[in-house]
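Reviewing the structure listed below.
Each chain carries a letter (A, B and C) given by its place in the written order, and its residues are counted from 1.
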Amino acid sequence: MAAPRDERAPAVLVRVDGVTFSYGAQQVLRGASLDVMAGELVALVGPNGAGKSTLLKVMSGVLRPAGGGVFIGGTNVASMPRRDLARLVAVVPQESGFHSEFTVAEVVEMGRLPHMGRFAPPSARDRACIREAMAAVGVAHLASRPVTALSGGQARLVAIARALAQEPRLLLLDEPTAHLDPGHQLSVLALLRRLARRRGLGAVVVLHDLNLASLFADRVAVMRGGVIAGWGRPEAVITPELLRSVYGIAAVVGSHPVTGQPQVFFSPGEVVDPPRGTWYDLDVRSRGEGDG
Amino acid sequence: MQQIGHRMAWAMAFLIMAAVLAAGCGKPAGAPQPTAAASPSRPAAPAPASFPLSVQDDLGRQVTIPVEPRRIVSLAPSNTEILFALGLGDRVVGVTKFCDYPEAAKLKEKVGGFQDVDVEKVVRLRPDLVLATGGVQQPVLRQLEKLGLTVYAVDAKSLEDVLDDISAIGRVTGAEGAAEALRRQLQERLRRARDRAARATSRPKVFFEIWPDPLITAGPGSFAHDLVEAAGGENIAADTAQPYPQFSLETLLARNPDVIVTPFAQSAADLKQGRRRNWEQIRAVREGRVILVDENEVSRPGPRLFDALERLVDQMHPELAAGN
Amino acid sequence: MLGLAGTALAAAVVSGAAAGSVPISAGDMRAAIAAVAAGQPLQPEHVIFWNVRLPRVLLAALVGAALSLSGAAAQALFRNPLADPYVLGIASGAALGAALAFTFQAPWHAVGVGLAPAAAFAGALLALGLVYRLGTRGGRIFILQLLLAGVAVGTSFSALVWLVVLIQERRQHLASPIFHWLLGSLAGRDWIYLWAALPYFLLGAGILAWHARELNALLFGEEQALTLGVPVEPLKRRLAFASGLLTAVAVACAGVTGFVGLMIPHVARLLVGPDHRFLLPMAALTGGAFLVVADLLARVLLAPAEIPLGILTALAGGPFFLYLLLTGQREGGR
């Protein structure tokens, strides 16, 4: 799939329109709306239990929304065959789930699943794609290593390579920097931004680190209580008011000395208004399930 | 996880192994040795026993019978048949649900099945003697004993054992006279049947079908085997180490028996009408020598074994009928 | 690796056909096959080879392959290394069918196949249908619910089997055929069983082969499989059906033969790795070879008596499995 490179007016790649979703009686999404442009990296931030992971699952078609819809190129994701959808949207999950002794190359090859014939061996194009995906994230040297023997950071990179092998137009990543050291956090985000720019991918990244979000995201979407409470360029969104109202913290927001992006400076003992409401309750109940 | 299935299979495996081992061991060492006593030149009946009577049963247990039993519960069809044959039918107060011979036995109170004995019911019948068997019944037997009942077990493994058990049952029930008469009569019939079989010009190879699928036959340690051999046949499964082994069809074909004995009417009909694939080439099937026997007659160690034997002698040696 | 396994299976089949109560030479085999090919009537000495032993050996290979494939599918479906072909309670359903058939005493050969195998197959399908229904809600299979339904149905059917066994346990001194059946046996299985089993085997194996790549994706969990473009719900339905069908046909032919379906997929995984495109054929080949050898031993060890197959599979399988576990390395595997 040739990456569309509209220079000037980037097309809307994905439109999330008033999505609602409940787990049983617990409503998690209450009408979330969001647009993602081709070539941009959107950071999805917000407190635990705000519905970030759930929104990602609705966008990837794993969960069917109760109301509203996710549209890619005008087509509702819910009505697309899985295989077609997998050629448009790729997901890097929070947990890699690498428990079988596949090699790195085999796992990345699985990204070609929606493109390959049922019994056909990988075509030249498939093989090129796999090579390129591994090279892009820097795991080519691990190709024949079993994925069960990888470190957490390496496993994350392999999952990203697999997603790239799908040649998607939209990349969804759930906390790709969790459990990574600062060096790996930066390199993963830099990689994602580069990929978005160069390939015209839309990328939606769930992040908890507001400073990283500010540094790498083109736009930041803030979720609270199942809706997008605010979104825009980092300097417009990451403000003391937002920190207070969404996270219940009083913090100083300054500028990055080099890039000028907003950076948050926390102070000890500054929780002024503990988060409350449904998202907080939800967090308490679902702690440990990674339900962001 | 049909571990349940597995578990069941395992339980079965151990049962079968245990059975194989037990069969290999034969009678317990303490059991009375019958062969000498079984000789036909034996003098008249022993002096009537006086109660209380202390005897050793077939399981090697020392059993004391305080008074001459008036209320007897039989835990096996064979025991029931022996009791009735000794004229003790009216002393029988309880039988298993399988005790269907003679007719009068069907009217008796049922105390359950062979392994699943209703212990409470047995106790309620207030028997002064419970006549059990060995093998799978031993747990029940111990349970009944703990409840204060007098339990005597017989556990015949051969035709001669059956004669001894008739004597033993006669002794513990105070019916020695009847038992000795029956014993002598059966012994005479056994001798005559063997003589007749010895006069036969043929010694046919016999396959005794216990179950058709999976194919199970009778080996040494089973009454079916004893009957075949006593009737002047050669059991083609005589070299198996188990009483009821699973048997391979190809061995059956290779050994090519002259006679097939089956307790199933369906099997007999299938074989006679050539409905069983691959069996057509067996000599017994080609020549129509398929003998249908009564399953109960050949499997219960009681007096009717000798009826089955006499019939088998004639059926296995058609030349005897002509010459007689 | 697959070629090696194929050779092992072929060698097992040939030795299985050669050895037995009557040894059969290569010359005899060729002569018998030539006679059959030429449509000539069989010599009596060839009947044992062609009509009795060869179909039994081939059926052993089919049953071994079916159980191994079924186990591999169950392990992928439940993403649990302890899953086996009997996880869906199917063996108990088959056992109930067989036990009921045994209460009719004699077999019934009117349709060419014995009553017990036919009833076992029906019982297995009944159990599969029940479990499937109980494990499904709103068209979706819930894996945990399916597992629990399998346990519940299996346990209930096992209880019924015992009830039937107890009720018909009236023989004082005769063996109980259900015990032999429950331990597994291929005794007396000839061509007609092979032909009857083959279509079901091919259907089940075909479904699994068709979905081999998707099975790999399923190993990462249902969510990841979905985002890789795998229609997970239809896949789970087909896996449960195919695994159940393979188990049903194996159990109907050979009774409850334990351990094969649990062990062989792990053996195959140690040999060729987790990729189902190689794992499935490997499991089928090694499973087939293993059961042919086990059946051979069942026939000859206590000859002329036969040992129930299930005893041998577990006796031989346990130590072999441990050995592989302790020493086995994945060997590149193509």
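Annotations for the structure displayed:
Keep this in mind: contacts are C-beta pairs under 8 Å (C-beta built on N, C-alpha and C of every residue); 3 or more make two chains touch, one makes a residue touch a chain.
All figures in this text were calculated on a predicted structure; none of them were measured in a lab.
Viewed as a network of touching protein chains, the structure reduces to a simple linear path.
Inter-chain contacts peak for the pair B-C.
Mean C-alpha position of subunit A lies 45 Å from that of subunit C.
With centres taken as mean Cα positions, subunit C sits 37 Å from subunit B. In whole angstrom, the spacing between the mean C-alpha positions of subunit A and subunit B is 78. By the touch criterion given at the top, residues 20-22, 44, 47-48, 51-53, 82-84, 86-92, 95, 105-110, 112, 114, 116-117, 147, 150-151, 154-155, 158, 161-162, 166-167, 169-175, 177, 179-185, 187-188, 190, 192, 255-256, 258, 299, 302-308, 310-311 of subunit C touch subunit B in their complex. Contact residues on subunit A toward subunit C in their complex (touch as defined above): 57, 60-62, 81-87, 89-91, 93, 96-102, 106, 110-111, 113-114, 116, 118, 146, 166. By the touch rule above, subunit C contacts subunit A in their complex via residues 210, 213-214, 216-217, 219-221, 223-224, 226-232, 269, 273-275, 330. Contact residues of subunit B toward subunit C in the complex are 1-6, 8-9, 12-13, 15-16, 76-78, 97-98, 113-116, 133, 210-216, 219, 222-223, 237, 239-251, 253-255, 264-267, 270, 275-278, 281, 295, 299-301.
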